[in-house]
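Chain IDs A, B and C follow the sequence of writing; residue 1 opens each chain.
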């Protein structure tokens, strides 16, 4: 091949690649850089204040609200998702039913997140007459997480569970017993990882919660029936109403750190369990 | 060795060592491969026979392997040769039949167009010629635009041979070319190699002792990354010198 | 339960959108009318939003594809494995970021850049949304095409190099053509993702229910829903029209994603890349 053409190809890919790498690193660095100016103990531990609200004080209720919301939604989505996957992999005998469950996983996975907000809002708030609350938002977000956990759990069960099940059944042990005593313990850590990632995903999703529970201002939630503050929603409000760009950077920073922490934790456990070099690099270098 | 004698050797190498990173995989290799002969490299799996083959056209460098020493191709040092020129002179056929996801015709013109510039008529003629060399032409002549991926395993491997020949190499390296094929196709390919011997120098890696017996002129026996014994076929199979060779032959013939 | 949820959602979508389809009927797709749900004489033309959604998403994927594939090639063929793994993990992390953060950055960086450098009064436009979407889709496209490239390299690279052909020629003539079906599949899946993206797009596109132009404002269906949901009354035709718009979106999504999954499964079945 001609010298010039060869270098043309090389340069083309190098330019494309380096642009993407630059943008990627740029995003992280930018948020950290801009956010770290705003972060202080006051910002982390106080309620938002000022006029309009959000221009002073901190984001403490939003951090706690986000954690509650993430945990509840993750719990809700994981229970149903894992349950459905368990049924699908180990107990479902009918091929048609299997297909239906599978299709519904992919159908739900493909839905835009706002659909869950739309349905959650009309069903929970309008039809059932519930107040905007932590519970409603968690249910709406949880629905979104069902396929997220379900598809992963299904893979985990198929790859890690099924081989053991065969062994166990050849010992004449019932399926239900094997699932309870063998499969679930074996898969536990991976399932937990999937749930944690789902939690991170749910925590950051504004669309399902913006009309079902998240509000502009609230204290640390005292019960499931109370509205709550959430970091991504707070960020959205700050930005879209032009309240405070500076505080928006701070909020974005906190949200980013929270989500990255969950990701690190998940990859960290994967590292300790498998010790693969690639994962190890992923873990170490991201700190 | 006399210069005239050296000229009759297609490949003359050694001693050389091969490393993957810091790990040494081939030790102190010296070999001579005669022109227009079939040389088999045999040995247990993991003995380094494929690595040796890959060293000869420096494909090993693409896997971050390193050759330390010297190897000569018709008197020229391959380590200082331009990689593309070297590989054009040394064709290679792999264990899994590899066809590119193009039509049969394009599989052949792929290499032709890179190294030569023929006009349309010449190209078609070349395609026919090289397909005929591997005996594939009669089977596929009606439909050269068929995707090559639709061919059977044996046909794919013969197409791979045609493709390797299309860039007009002087030496053909084959890395267990028949291990993915059935008996019928194996025999077909062996026959083909015997025909090609008059025009090319052939080096074949095989784990099939019977195959080495059937087709080769010379045998190189390897173990643990070293060449244990190099001998003409008759001598190797009837009066092997090294105790490891004796052991290997006995073991293989029993199983 | 998953089935139940799906059933519930489908049932609700149909039940709630039915009034709109029945009462507004062709008015939903009447190119001469507008989206004016709150005027005294309301009209509900969702056509601009449908087109905007399709257009913005297409723009996003079209930008993301060359960059994503280029990055995958660069990382796979020209960067050492360990460094590539490190960079890939960073790009992967991008996928974990909430879309609000993308929207926020899009607003303060992209939109502002448009305003100062292109002399636009408001930088909120379709192009900004397209670029933002492209960034969000990158991790997905990079990782899928990186995987296919690895497979294709393993299968074809040595065979081509052994013929004395350069790496660059092999990449352009064998490797990239070999993965084009896989790329088509990931194009469809990425397009599906883009269609449903809500927050990030909503924050930079300007949200005017008009027909999309590259440098003009527009509004996508998810953004429309997210913005107007708070002010609709239960049982109103307005809500029903929103549902109708989303039903249309879901039908499009089902076609796009369905094709994507179908292609992927077909590739797997025939052991292609």
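Here is the rule we go by: a contact is a pair of C-beta atoms (placed from the backbone, for glycine too) under 8 Å apart; a residue touches a chain by one contact, two chains touch by 3 or more.
Source: prediction; values computed, not measured.
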| item | value |
| --- | --- |
| Path length in steps (a step moves to a chain that is touched) from subunit B to subunit C | 1 |
| Chain centroid nearest the full-protein CA centroid | C |
| Separation of subunit B from subunit C, taking each centre as the mean of its C-alpha atoms, in whole Å | 49 |
| Rounded Å distance between subunit A and subunit B, as computed from the means of their C-alpha atoms | 53 |
| Whole-Å gap between the CA centroids of subunit A and subunit C | 19 |
| Subunit C residues counted as touching two or more neighbouring chains | 165-166, 169 |
| Of all residues in subunit B, the ones touching two or more other chains | 114 |
| Interface hub residues of subunit A, defined as touching at least two other chains | 1 |
| Interface residues, subunit A side, partner subunit C - complex | 1, 5-6, 9-10, 12-21, 23-25, 27-28, 30-31, 80-81, 83-84, 100-101, 104-108, 110-115, 117-119, 121-123, 126-127, 143, 146-147, 150, 197, 200-201, 203-207, 210-211, 232-233, 235-236, 239-240, 245, 248, 252, 255-256, 259-260, 263, 278, 281-282, 285-286 |
| Residues of subunit C touching subunit A in the complex | 1-3, 5-9, 12-13, 16, 66-71, 73-75, 77-79, 82, 85-87, 89-94, 96-101, 103-105, 107-109, 135, 138, 142, 165-166, 168-169, 171-172, 192, 195-199, 203, 222, 225-226, 229-230, 234, 239, 242-243, 246, 249-250, 253-254, 257, 261 |
| Complex contacts: residues of subunit C adjacent to subunit B | 155-166, 169, 173-174, 177-178, 272 |
| Of all residues in subunit B, those that touch subunit C in their complex | 57, 59, 62, 83-92, 94, 98, 100-102, 110-111, 114-115, 149, 160, 163-164, 166-167, 173 |
